[in-house]
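I'd like to ask some things about the structure below.
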Amino acid sequence: MREISYMEALREGLRQSMEKDDRVFLIGEDIGIYGGAFGVSAGLLDQFGPERIIDTPISEAGIAGACVGASVTGMRPVGEMQFSDFVVLAMEQIVMQGAKMRFMFGGKAELPFVIRLAGGSGTGAAAQHSESLENWFVHVPGLKVVMPSSPYDAKGLLLSAIEENNPVMFFEHKLLYKMKGDVPEEMYTIPIGKSKIVREGKDLTVIATSIMVPRSLEAAKILSKEGIELEVIDPRTLKPLDEEPIIKSVIKTGKALVVHEAVKTGGFGGEISAMIMESEAFDFLDAPVRRLAGLDVPIPYNRNLEYHAVPQVENIVEEARKIVQNIY
Amino acid sequence: MAEGKKEQQLIGGEIERSKAEDLLYKMVLTRTFEENALEMFALGKVHGTMHVSIGQEAIAAGAGPALKEGDYLLNTHRGHGHFLMWGGDLNLMMSEFLGKENGYCRGRGGSMHIADVESNNLGAQGIVAGNLPISVGVGLSIKIRKTKQVVLTLFGDGAANEGAFHESLNMASIWNLPVIYLCENNQYAMSMAFERAFRIEQISDRASAYGIKGLTVDGNDVIAVHQAVREAADRAREGQGSTLIEAITYRYQGHSKSDRQLYRTRDEVKKWMKKDPIPRFAKLLDIDEEGFNKIEEKAKVDIKNAVDFAENSPEPELSTIMEGIYA
Amino acid sequence: MREISYMEALREGLRQSMEKDDRVFLIGEDIGIYGGAFGVSAGLLDQFGPERIIDTPISEAGIAGACVGASVTGMRPVGEMQFSDFVVLAMEQIVMQGAKMRFMFGGKAELPFVIRLAGGSGTGAAAQHSESLENWFVHVPGLKVVMPSSPYDAKGLLLSAIEENNPVMFFEHKLLYKMKGDVPEEMYTIPIGKSKIVREGKDLTVIATSIMVPRSLEAAKILSKEGIELEVIDPRTLKPLDEEPIIKSVIKTGKALVVHEAVKTGGFGGEISAMIMESEAFDFLDAPVRRLAGLDVPIPYNRNLEYHAVPQVENIVEEARKIVQNIY
Amino acid sequence: MAEGKKEQQLIGGEIERSKAEDLLYKMVLTRTFEENALEMFALGKVHGTMHVSIGQEAIAAGAGPALKEGDYLLNTHRGHGHFLMWGGDLNLMMSEFLGKENGYCRGRGGSMHIADVESNNLGAQGIVAGNLPISVGVGLSIKIRKTKQVVLTLFGDGAANEGAFHESLNMASIWNLPVIYLCENNQYAMSMAFERAFRIEQISDRASAYGIKGLTVDGNDVIAVHQAVREAADRAREGQGSTLIEAITYRYQGHSKSDRQLYRTRDEVKKWMKKDPIPRFAKLLDIDEEGFNKIEEKAKVDIKNAVDFAENSPEPELSTIMEGIYA
């Protein structure tokens, strides 16, 4: 199959959605002639013109409001937060309006919009441009939260998100944009709310999100040489969470490690860990479920500190090995 | 024929007589509804909070009817009048207010979120200025769909100091969106007097910061509001973009049920009561005391019936609590 | 000892802090002549005047910004979010500026400010005035998060928060404002980062926050008649969390239930549950740690639905009984 | 004595000659620093991103020196010039830029967050308009402490469309805070041209929406900027509140390293290069080519030394990663 990058996969998803459905439009900062800060929308202005590829002033609340208002009146907007951090300025529109409107109106409104957010650290952009805030939105009824970890998933999940009749927070990762992978040319969807076993293994279930999926796979390769076989599961959708495959896997392996980039304290790992505990997998646990996640620190500018602020392959290897070998 | 023509005489050059009479009735109905609501609160019959617009009824009476079917409404927390003027059904509104299953929002929204999406009434608002960014989206949607609809976005003086106001008006301006920004300046945001929160004479002066048209009208004058909104709608439909209208008015009651009103004098309230929009509009319509009493009676009966209707309506089933969150 | 309400305790704390330290000032909407939407600051304007009791326009980002800027230049502001929900409009200033500034500046700045937030449901205020958003802030390095559940704690923790040299998110609960309790007249502080065992018991450790503490105590009374003794722990500070007393208690009881009002998914309960799992208490668990929390729904207006959207005494009784009797 | 007087001649009626010469040097230093930084990026010596102010140096040269010791600075992402004009040490700045332990922020902040709280330089900013609400707090703090300090708050044209701009200017106005809002209008916010993002002629026109003084000056003219800021500071110190100054300028380089600049023409850039503030200020100071070359040489040497200094400085220890979060 054809190999393209995560970024190209997203762009193709946007293009095909727009070709298919003229209710879809894009709105955000510098998404037109600039092509988006990370290039995702490059070329789309030429194809669709400024009425459907809408460059905005620097007004994040306005961007989110545009998505809320346009979606509730029949359009299917895709908004962009240039860096996911900037969503702090759009929380009211997303959380108080977009997420709740349908419910507050007695189920009588539909809000089919997507907010794409470029998240994550690793580019030297320091504390205000490197956050991983997905768990905030997992905590908000009315939203769905999606986080693709491969080019294939990026396209398929984006197409689903745009077809979805609810607000979707779509977290991309800056370091994944250049990742290459097999992506079909035709349109295809990956159901929202379905996780994926990206690697089978018998010794430890690793539940990883976003960039931690490729890192976990690398770790798995390394450990495999030592005879340790990780089973790696990517939830892909964080809300609603597809619990069953995780539970089943933990029943099989008896051990689980959750890996994410976001700060550990108050993060999504707690949700997964608690969910496993509350499930029938509890009785099969040979060791406590552990979390490997970002340190409780704003992302530092210094390259070395930045590197060590979030889990890297070697940390996953080490942590997984410890759990499997019961050396806690 | 001559008589027919007389019937269609335009009150104040703006509103057909029959429509105007209906508006007067709805102004009285709004006030009766709200007075009744205050009583129900006092009796503990309803919970939560609510914000009444007593004294401000002319804005709703002038604004909603200046628009056409298919236009959109983005309402505020003080929006019962606008809801009724938009054609809201009193019974279903009362049901919502009492949290009943047959209310507009199945009892989930209440006074602060009441909406009727079917009639393009996109709801009241619990977040001050929360509807302003939304109006950008509605405006864009109209522009892309090329439907010649317009959006009426309501907000208070207090809302004009939220960041959302700024972003919204600028975006509507640069994209020439068909949004009518109607600011109900009732002199206070809760306890914050207009003069303390602004260092300008008129909120409409802010229009120039965005390059759109701005004007201030007497918000207790149904005709003035109607004219301003109608003209703004005309301009918007012709592709001439947004307008910021400031309607000067006054709230007689406290901000919400728990307001002791220490921030103003009784005299100030009395002064404004002399400019009451309801008798003023009745006078314009040449309606005498007897005629007015009849209107009041009818409103009372309608409210009583609505209360009966709502009280006899079913509560939502607990088993449905998780419904209506996701499509 | 003298009994006063939670609200009065807070007011006394504010007053005494302001009397003692003239760097302390209050800023928020309608906190002056109106006395605050819930009356907490009633009377303070008379005593301290408008330069220290500052009524603002409706500009939540501005309020938070005022706290950030004043604190970094030597003042000790206490800001108010009239309803905790409105913090959605101040996230940028709190999370991107206040929380990170010290770190981004290499540890060379101090930001001693407090944001008070009136949270929680139960007043019929519907979906935009009833949220419990504390876990968002638990997830943010640089912040501390405090949540008092009694008049005594309210005053003591508020005094500590104002003396603290870091930003503190101080979550109050609307339904607690009228709760009465013993409160010393003199100034006293309760250390931030210390939990409290509010009831001792042997059968089940209940970790509860805010209004769920009195509800859990009521549940404990009911269950006590059945011979079930709950140990109830109030973390009081959610970040940094005082883990040890919780762990010790779970080691003793072998069972744990986390109770909070906030939506369960992505909430603070996951953090507690995962923390227990990762601790030495894991080996002592006779049953999985469970969470009892808000349903994954925006708060409904209807009184009955609202009531059932969050844990009530009877739910705690039932859940605790099930865990103790192992009928899961 | 006569000579001494000549020395103190005020350039453009504003700036003492010796100070002006230092400013010219710092303008050249800023540009050299940034050109060097672009090179270091190209060579992969630094990571992250940075925003250079080449072409805009006159604003920093005019603004910072118009203030007094003890005043506050709230800088932007494009703020190297302001940092240097505020008395920033080049070596420690370079160390920060290279992420070293002895940098201003111990290598934690980098170009986007560089600060020196000791000298009341409250830092650069990664969030567009993020410093605007902060300036309200700094202004309040000054007002309460009654210290007659002022705050200089910098931001770009793009920032003026964030909600934070609105809330901040209104609050500063109603409380009469000593804040100088200095908008560097360099015609673009990333790819967004001023004309596309605004429907007004001048950003300073927005001052009237808050009842404060607004003015637009030539941002490539050190003297004009100096005068505007000095006067605004005088007014602020006298209790006459805030001023919105718009300084018109132009950015020659891309927004950040990854900008392909498709949104403008080469000709437009060239047109603006003819108005370059550095030769212009040199001319005003009667500095000939030889004199100017010397200044450039000195700047190059200083930069080279700073790079050496920074490159030879220690990295933060990994063990310190959790330091500096809480007091």
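We just call them A, B, C and D in the order they show up, numbering each chain from 1.
Following the convention adopted for this analysis, contacts are C-beta pairs under 8 Å (C-beta built on N, C-alpha and C of every residue); 3 or more make two chains touch, one makes a residue touch a chain.
Worth saying up front: this structure is predicted, and the values here are computed from it rather than measured.
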Most widely separated chain from chain B, with each centre as the mean of CA atoms: D
Same-interface partner of B-C, chosen from the options A-D, A-B or C-D, over half of the pairs matching: A-D
Interchain centroid distance [CA atoms averaged], chain B/chain D, Å: 46
Separation of mean Cα positions, chain C and chain A [Å, integer]: 30
Geometric centre distance via CA averages, chain D-chain A, whole Å: 37
Centroid spacing, where centroids are CA-atom means, of chain C and chain D in whole angstrom: 41
Chain C residues counted as touching two or more neighbouring chains: 56-57, 59, 61, 85, 88-89, 92, 96, 103-104, 126-128, 141-142, 295-298, 300
Residues of chain B touching at least two other chains: 105, 107-109, 113, 126-127, 130, 161-164, 167, 170, 174, 196-198, 325
Contact set on chain A toward chain D in their complex: 29-30, 32-34, 37, 55-61, 85-86, 89, 123-129, 295-298, 300-305, 308-309
Residues of chain B that touch chain C when the two form their complex: 46-49, 99-100, 105, 107-110, 112-113, 126-130, 158-159, 161-163, 189-192, 196-198, 258-260, 262-263, 315-316, 318, 321-322, 325
Chain C residues within the chain A interface of the complex: 85, 88-89, 91-92, 95-96, 99-100, 103-104, 126-128, 133, 135-142, 239, 241, 262-263, 265-275, 277-278, 282, 288-291, 295-298, 300
Touch list for chain C against partner chain D, complex: 25, 27, 51-52, 54, 56-57, 59, 61-62, 64-75, 77, 92-93, 96-97, 101-112, 141-142, 144, 165-166
Residue ranges of chain D in contact with chain B within the complex: 161-167, 170, 173-174, 196-200, 205-206, 208-212
